[in-house]
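Each of the two complexes below includes subunit A, the first together with subunit B, the second together with subunit C.
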Partner chain A sequence: MQNSVHLVGKKAGFFFLLPAIVLISVFLIFPAIWVLYIGMTNETLTGIHAANPEFVGLKNFLRIFNDKFFYNALRISLLFVFGSAIIGQAGLGMTLSLITYRKSAKFKSFVQSVAILAWIIPEVVVAYLWVAYLDKDFGTLNSLLNWLGFGKVNWFYDYPVLSIILFNTWRGTAFSMLLFSAALETIPPSYLEAADVMSTSTWRKFKDIILPNIKSYIFTDLILITLWTFNVFSPYLLTHGGPSFKTELLPIYIYRNAFRYFKIGYGSAISTVVLLINLALALIYLRLSRRSSK
Partner chain B sequence: MKHIRRKLTFLEISRYIVLIPIIAFFLAPIFWIIVTPFSIRPSLAITLGKPTLSNFYRVFQNKIALLAFRNSLLISGGTVILVTVVALFSSYVLSRKKFKGRDLLLYVLILFSSVVTGVAAMVPLFMLNLKMGLIDSQLGVILTMSGGLLPTSIFILKDFIDSISITYEEAALVDGSTPLQVMFRIFLPLSSRGVIVIAMLTFVNSWSNFLIPFILLRSNTQYPISVAIYSFFTEVGVPDIGMISAYSLLYTLPVIIVYLIVEKKFGFSFYGGLKA
Partner chain C sequence: MFLLIGLLAVSLFGIKVTIIANAVKGGKNTQVVDWFESFLPQIEKDLGIDIELIQAGIKDEDFKARIVLDIKGGGGADIMWIDGFWVPEFVEAGYLRPIDDILANVPAWKYYYDSMKDMGSYKGTTYLVPAGTDVRMIYYNKELFKKAGLPVDWQPRSWEDILNAARTIKEKLPGVIPIQLNAGTEMGEATTMQGFFMVLLGAGGNLYDWDTGKWVIKSSALKDTLNFYKTIYVDEKLGDADLQVSPKAREKTFDLFRQEKIAMYIEGTWFYTSVLSPSNPSWGFPDRDERIGWAAMPGRGKAGDPEFVSISGGTGFAVNPNTKYPGLVAEVLKRILYLEPQISYFEMKPFVPPRSDLAELSWTVNRNSFIAETSKALVKYTTFRPGFPVYPEISFFAQLLTERVVTGQMDIDSAIEEFANSVIDVVGKKDVEELP
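Take a look at the complex of A and B:
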């Protein structure tokens, strides 16, 4: 009887769910599990192992631990995440959200839309923007520096990691800014009004009122942007991993192995490592968000 | 009082001293794309001069450019329709039915959708499409992108449907409407805001995606804009900056328009964080 006043019955409910389950299973869950298996073969895209890949067990995974290019990529990825996500995006996002906090809606939406613009432009276009911006001879940045009396800087060649860190900070700050702005709105206004009356210093207000109230949001933000930044591919469009592997992030290293050298098996093994790091970060995130929703 | 006011102005000034360089940092790289498409001698430098439309004219003369526009529309359109319809049906059930294992299903969904990114899974996604004969086909791109975008869309829509009271549907059913009538006359209009949000989100994401079509497509007649943009060279083999910049601007416009609509209708906070 209960079901008769429902729009869909049990059977129909199952068929409503089915397309989503099939699509997600085939194109999201299966690849993540299959990659473990491919990572244990010596499959290639061309040559003898393309048709008949052999099972090689953990050989690829053991090779990773002696691969100096893997360590190079891991080191650059860590630098990239630390510099562009944790320092750059979270730092700048916090600064912007504090600058617009308790200000007029107009001011806030102007400041926010500037950062959001950098966030929504398609990544290919963003890559062209930054190639033009940082160009040694014609780039806008060097023209500005020149105008201020500084010499030309060959950004991509002399400061490759800094270049992609600046790029990704510019690209992704909007998310942290929006999240922190939303977090600041959850602080009861009376807290800060009381502090205003007592003319508490700005620093004390930040340290004693703002920070403790938005701490959980900051953790959530740091985990999410770490996860996302770790999985960013766009620096490839700026530098192709160069010069001489100096900006080769883990995703670019996977790409090079699988699609430039056609080593599908080895590329899958590195993918597995990246997926495991993602899994660890996602589990921390889910635990955090569960705790805060309780 | 005087003391407080002086302190406030000092704070105001330092606020702008911090803000102005940040605004400049965000805007400086963008000027190039506003100026260069209209430049007679387009280069990586920002050159002002008499504006021209010749770069756009050349874009519309280029076969690959036009084909890529059509391909992008096909891929994004296909992905939007597939994701929206599939998400609508499944999130309806996930919201309205309390069945065994539902929470586990939701947990698995959110976990896999954050772990399995296109970047981390590019090798198995390529192999999967290869084995299914979907390499160099837009269907493969659509299905692969849909699989990645579905979980987020389902979550947003489920949250949205949770907020619509079930009493409307029940009342209409008790009144003797058929389930189909209730679906189209009552439920769909009520949930249209949520559907629009996920449709726009899916559009922006699939329109901008570079990696998936880059690894799954082979021939330049299949490429969407994000990949085809790398095929514009001048007769001497250097990138054709004029065409690239004009094409980039045209490519960016739909995304900006969607943003403005979302901003106007919902406020961006609703959209914030939803970019997968």
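Take a look at the complex of A and C:
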């Protein structure tokens, strides 16, 4: 074709791609196929099926769809993603970036530093901080409430999902905030200055100028944090999936089956299903973002 | 011969034999670390090798996962101090090395009781040398009993006796939790063994029917067990239900017992000899022997019920099939089992001895007579758990069963219904039964 410019020949192109293809195959495609295969066996980590796993076909998959713990975990994961990623991280991140938008550099760097601090502390340390904060008996929050004359609240027990949603929002807001702040910088200042001159309301400025200009960034952010949050395991450090499975996210449900009951086959089958859910979510977002950028 | 080759190899490559135990200095089972440190240097010198103790102070469930993944991955410590209860499922998976050949050269092996040898063997082959066993009972704080006007020499004869003592404490000592009977999934296996089984056995029930080889999903004993839980945690609030389900529940109950905010606690030998030991910096009582009493756990109290109950676990040394130096491992193991280190371990952290030479010394070696007395009183009543590969999952559902009842999430009948369905899901309909 005349209008397409080939910098390198087809063969050379393939040659350049080869390392990437090999890496992706070894670290992504092969493990995914392996998990799919293990998911079709009754392999366990101890007992007779550890030494001699048998091929059981789709039995594990059929079992998943009859397992009410799977639906429980799926429901909680969706709630967790919606609460902590979409409302929490993206919402709060957007709010923070708008608050600091077109403000003094000092103020901006202060707010950003605080948010980033929560993001860069190691996961296990953060989990300990939150246990220390929300614990019923020795937690800071209850001591504070006690001092103000309120009774003790067993946060992890009475508000388990809310606790892990707050935890994950606090933990991950920095990413969305940074991404949105950067996106806001791409809006030509003249747009908003013109709106200022016409004394447009703040809401109109947001809806008609800011939002259309950073839409594609929002989609990128939502894809990434949804997938990350869907696969987050750290709430386990806070609640161990309890009380009574109320915070059992899908990854914790997989962990319980694979490494508590040692049912590696069944755990792999669930992992495959979760992988497909992730793919589906990514596809939905990509389609939405493509449609909106048209 | 092995030894010679070993010595030669050491001088060339610097051989290291590793031992793993769920013990960490200053924390869980700290005495175990002290003990190893006291005699391993001598063995290192004798054999001319390095011996490394790998410490882990984690939940038993996590420790098990770690061991399993270590061995499955082709590595792991050479000598593993593990729960004897894991032997069947580990052997089926090919995770343990048969050790009859090693034990043939261990002079002390002839002193081990047959019942303890059984714990370490599977289908006629030995895989584990028992290190110790235990029994379960009710511990009570004599100071609190005195303050509440209860007899300091206390031995309940029925569940009602326990409840009455708890009621008195609740009335006389506000702020003190009368009784800690483990419940819920957060406590893990400690709920099944120290809580659930100790009550269920007292009503003449069991999780597994040894005669028919089936798992029991419904019985009046199970119902009564849950009623006992409900009386304590829901109806009369003689225990703290919230505490059972909060993170790190077990450590918290130890804290509260140490602060004398819990009056009665159903636990194993380990609780007395390790948790409450004067040498334990976190939870030990300096005056433990005077302050803490123990009583046998009575049965329900109806005609035909067992008088007293207890359930036992036990740990021991097993050998990793991945070991590179079976000959040296045999030499190390042999020396660990010499009477001298065994006595010094017994002095540091008394346990119910698995061998007669040690048992005979237990009356004289340890200044307090706790072990000798509890062994004598309780070993005849004690039972063991059904050690099958499916057990951990069923045990989990038993923990969940207690959690649902003590937190008031479900009434007893629907909780049992859920439990029954879960067990059927695990083992299949043909391997369960309902008892009257």
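Quick note on the criterion: the second predicted complex is superposed on the first by the 244 of 294 C-alpha atoms of A that agree within 3 Å, B and C clash if a C-alpha of one lies under 4 Å from a C-alpha of the other, contacts with A are read in each partner's own complex, and residues count from 1 in each chain.
Just so it is clear, a contact is a pair of C-beta atoms (placed from the backbone, for glycine too) under 8 Å apart; a residue touches a chain by one contact, two chains touch by 3 or more.
Predicted model, so just to flag it, every value in this text is computed and none were measured.
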For this session: Classify the contacts of A:Leu144 with the two partner chains as first (subunit B alone), second (subunit C alone), both, or neither.
Result: first
Problem set entry | Residue contacts with subunit A in the superposition, subunit B compared against subunit C | B
Exercise. Looking at the overlay, does A:Gly93 come into contact with subunit B only (first), subunit C only (second), both, or neither?
Worked result: neither
Problem set entry | subunit B versus subunit C as contact partner of A:Phe259, first or second or both or neither | both
Exercise. So, does A:Phe233 touch the first partner subunit B, the second partner subunit C, both, or neither?
Worked result: first
Exercise. Given the touch rule stated above, what does A:Leu179 touch, subunit B (first), subunit C (second), both, or neither?
Worked result: first
Exercise. After superposition on the shared chain, which partner residues are touched by A:Pro251: those of subunit B (first), subunit C (second), both, or neither?
Worked result: first
Exercise. Of the two partner chains, subunit B (first) and subunit C (second), which one does A:Val131 touch, if any: first, second, both, or neither?
Worked result: both
Problem set entry | Those residues of subunit A which subunit B touches in one complex and subunit C touches in the other | 131, 135, 137, 259
For this session: Would you mind writing out the residues of subunit B in touch with subunit A in their complex?
Result: 4, 7, 11, 15, 18-19, 22-23, 25-33, 36, 43-46, 82, 86-87, 89-90, 92-94, 96-97, 99, 107-128, 143-144, 146-148, 150-151, 154, 169-170, 173-174, 179, 182-183, 187, 204, 207-208, 210-211, 215, 225-226, 229-230, 244-245, 248, 251-252, 255-256, 259, 263, 268-269, 272-273, 275
Problem set entry | Complex interface listing, subunit C residues touching subunit A | 61, 65, 68-69, 72, 86, 89-90, 92-95, 184-186, 242, 245-248, 252, 389, 392-393, 396, 400, 403-404, 407, 409
For this session: Please name which positions on subunit A make contact with subunit C in the complex.
Result: 44-48, 50-51, 131, 135-137, 154, 156-157, 238-240, 242-244, 259-262
For this session: Could you pull out which subunit A residues touch subunit B in their complex?
Result: 5-8, 13, 16-17, 19-21, 23-24, 26-32, 34-35, 38, 92, 95-96, 99, 111-125, 128-133, 135, 137-141, 143-144, 170, 173-175, 178-179, 181-182, 199, 202, 224, 227, 231-234, 237, 251, 254-255, 258-259, 264, 267-268, 271, 274-275, 278-279, 281-283, 285-286
